[in-house]
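Quick one: the structure is below, and I'll ask about it shortly.
Labels A, B, C, D, E and F are assigned to the chains in the order they are written; within every chain, residues are numbered from 1.
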């Protein structure tokens, strides 16, 4: 036993704990989405979330990892810890998509897209930033993946939503928006709190080592900043909804939490704790405005994923230019644009092709009856009488 | 890399993991309270829980921390890890309040109180015990906060409940108590299990260092004792309810778990594992009796927070005198009395003032319709038909 | 402070974190089972899960541990950390039983059995494998307890189910199977994801040390393999149900996840990541077939515990012979047979005796009204109108 | 025999039940319904979009009574369910050609 | 045309439905209701306070039938829903002045 | 006075409500019911065992109307609830001997 072995052990433990927390985020997305869809589509969204996680692990491990990182393996900690940590990141990106396309997409089409996204699309743009590719050489900074993971997921989601169209009954004539409330608010809140918890591992673990004072201090700062950004996001979203609508809209507050988390993800270690709070507050405001704006544009996103991960992802990348000496605004914008263009175009082509070839949308009758009966055969709450009929 | 750097790293990691677990307790309180209120007040209690956590972080970081600990910073581990750990403790204290005043208090008044509680009231009494103040000099022992955190939260809650009064329909003439069952038992159970899990970090992390054999053994003992006290609390609460009412009242068992946890919090490292089990059993019995007694006194506490955290908090502080050589019964009682008096008086004044100035209670009509519609605009389970009407 | 003290600290931290994750599995079993039973039996299954955990801790600590491990205590890490880790394992075994006998067994009988199981039955067979007993000397390999914990739990469950009989209305004349859907699919999914998360600690922690490169690499491999087996189990279960019934049966996918986890538990450190994936896939297929087969045999297991933990547990033990050079098929089969025979026979005798002496089954009227009213006095979702009447 | 159908505010259910019990009514059947009428609903808000809830929770009571009791039951319900605010509800009376008690096969006045 | 309203025990629903199908009834509508009557409810316990649940879950079946079938349907329901214990429920028969099938516009005997 | 009971597809509720409002109907009461009829249910799958769901979600509308309005209301419902597929539902009309508004005590035509 030597100092360096102990250091190896502690870094491995640190990464494994972080990776476990990120794995746990799968439960966060599952519960968040299960809470925000109607009860007739709840079983199906759970199936999607579990299978996308499974597929992400298998596809990225066997294909994507190689594409993204080549054959390099770390030596300061267990390589398999690193691989596990990377796996769960891909699943996060894919989880973002499932929420945005919920309640109307065929399960099979979604799974096919998940395979391509996690095996190819994500790893390619990921390699540009984290695999030593041209964006990293340019000086584009994205510490834990506000762009690589979150905005990428949102870009794929946006492409899907554009091809798919809104849920039946969401938009009326002359700009009317008919809200479609989710069935289970405690579940949505639980999901958000799981994500808050897991995000400490997502951002903290991205430091990858903790074995000396400098790294330990960084990791601690990341934990604190991540938490403060989320808190500030919640509060800002609350204040603005209360200001505009005089009500405390829970789902907006939940989106505010997630927006704070996404925004700080781009660079959680450098800002002061006050800056992190401000970054989070900005995210909380932006996400509320963005959700309303997307609804005006008839872009139907049941859980707000495009706003939370996409719009706020870009905002987070821009913030890095303000807080980090090494970053420049232009590089951050170029990086964001490159990733977005790549993921969005690939996704658009694939969704479009799948739609032409097989149709990606449930039939009107199936959408009306609900994806649970159509795809899964069992309802989420079979014993409870629903006040909405179908 | 040196031994001391590694030690710094491992302690930092230990505190961060513990703090993350305590952060996660926010989900525990949210789910527990969301399960124990009626469905018409569920969205609002979720809003309260998330916002109080956010406010606690922001207020304590910017004001309270300074009040409580001055400018001292630790040097054996990352200061930011320590700050994060302290933040989440404050949120715990405030979570206790939200449960007790549930189903009838205005959201805005609650949030104003949360600001004052986390910025001033808690830090001041906290400084007396953990900031080197007079109670610590006296020899008052409260290892992880049975008094500083839990009883303090319960004192603030009690003051609020006294000003606020019981929920409409809870108490009838001539001492009749009309139970108002919570809407979702699995959620309440989940919340309790989250708290059980998170409490390992709450108590364990309070050791603050783990880097040598002595500390590591202490932390392990804390984990084991904390778990045993919770288990014993559950069992004792079950046995006594079964004895008295011939039924296994789930919510009493859940309160028994939490009572065991609160009781051992005062000193989890010193008692033998058998003593910890006994302390937990006592807590399980006391909490059941206390809940029934408070109902007799028409002190309406929907989740049992005052009994669990307050009555059992004092009991826990007293137990320290029995198991710990350094503690004396009189000092423990003085400490408990001082903290209670401070927090209770300040809270009473603030609640009273808020009530005079703005009214802290929802209107009768709003209470009847439910806080969800009144404050948040959306129901927690909008699709499910309720058998209770309103 | 010395290298060996730091190593002691890091191993202790590692075990405590793992143990906390295993403790958290109690929430996983609780939610899984609460989701898969009908709403009229939900409160009671929650009571059972919390009490069995409490009993397992108390009985194993005071009686079972001694039986299983004698007086040996570890010296490389804190003994209490080790004890806590062992405790939570026993609770896992017992949790398996509660699911299989759900919706029809008396609470009191279940608790009595839990005492005997955790104080005696489990520790005795456990000592043969992990306490240095004859099975370990034989060369039987069961790294983290696919046999010792999971198959043992399933054997006790099977004995219980045989004495107890199926739920009223489950099986009709001439082989008809009437499905009895669980009340809350999101809860079942949450439970499964909790188990997935916690299982990383269950398998990872079983390595017990992480302080040097070799151990750290092993632990990392275990995390990765455990995750991959679960992912593959989910996918395989999905593919086979989709193939046979053209639907994505959520509960089968959840069982596929758990089957993958159980199978890899027998030896998670040795197989390559590809082998782990294959082992998991096999488990996913087997579990689906086994569930259908048990239904044919009128063995009524509401949550699939016997298939997931029993049938797949044996499969996992067999797989060790294929991937591990030190294992032989015959030894694995002998080990499985010995444990099964011991646990099954003891359990059968006890269940049989309890049934003779007191009756272990609820009355027909109670089963019809639901265990919640009969045993606990409060319904799980008192406000929601049920479409099933009773 | 008449079947009296009363739509009332949920909060008034226990008062009505007690009033009916005092009259000697031994049975009734209730249903969760939602009513639309002069009483206006409320506005909800979800993700920045407002919408109106027009159907309000009400309780429907179905009670079969013999002719002699019709007036007394109507009066009792009206008194107990009355708050004076819109939305108090309605009472509908419809003729019954037959009533049977399933358990005993008794009919009409012996069945209620 | 008569509208037959049966209040039965939930557990008896499938028996009743089968009996009615055998008679050739092609349609019916059911509602979850809660009944108060001679059958006593049960006591629940919540946090140390006991309370009685007086309203028990029942199923209400509404079935419109032509005059010729009234007796047969009543008999079939009574037989299928009978257990002999209190709480078996009631059958109410009320006259219908008109029945319309929405899909086709057919009326009365062609509409049921 | 007649009580019109319409069983319709849930998706048609808002159309029907709007049609009735246009006619000047100021009140109605709706109930979640489940219907059995010519419209076939669907097959569900749970843990490898299939089963049929025969009762489909429907909405029941109860609306008390004065004689002069009966025909107009029936026509309005039929038109608004019509899709032409099996399962569109039924309208039942049953006589009311009395209607009372609880709030004011007004009766019959002044009460609806």
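Rule of thumb we're sticking to: contacts are C-beta pairs under 8 Å (C-beta built on N, C-alpha and C of every residue); 3 or more make two chains touch, one makes a residue touch a chain.
Owing to the predicted nature of the structure, the values given are computational and were not obtained by experimental measurement.
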| item | value |
| --- | --- |
| Touching both chain A and chain E (chains) | B, C, D, F |
| Which of D-F and C-E has more C-beta contact pairs | D-F |
| CA centroid of chain A to CA centroid of chain F, Å | 44 |
| For chain C paired with chain F, centre-to-centre distance based on mean C-alpha positions, whole Å | 50 |
| Centre-of-Cα separation between chain B and chain A, whole angstrom | 32 |
| Shared interface positions of chain B, touching two or more other chains | 3, 6, 10, 13, 17, 181, 184, 190, 245, 247, 249, 251, 376-379, 381, 384-388 |
| Interface hub residues of chain F, defined as touching at least two other chains | 31-32, 34, 44-46, 50, 58, 94-95 |
| Touch relationships between chains, expressed as pairs | A-B, A-C, A-D, A-F, B-C, B-D, B-E, C-E, C-F, D-E, D-F, E-F |
| Contacting residues of chain D [partner chain B, same complex] | 9-11, 13, 32, 42-46, 50, 57-59 |
| Interface residues, chain D side, partner chain A - complex | 34, 44-51 |
| Residues of chain C defined as touching chain B within the complex | 1-3, 5-6, 8-10, 12-13, 15-17, 19-20, 23-24, 26-27, 30-31, 34-35, 42-44, 46-47, 49-51, 53-55, 57-58, 61, 77-81, 83-84, 87, 107, 184, 187, 190, 375-385 |
| Residues of chain B defined as touching chain D within the complex | 368-369, 373, 376-379, 385-390 |
| Chain B residues within the chain E interface of the complex | 177-181, 241, 244-245, 247, 249, 251-252, 288, 291-292, 295, 304, 387 |
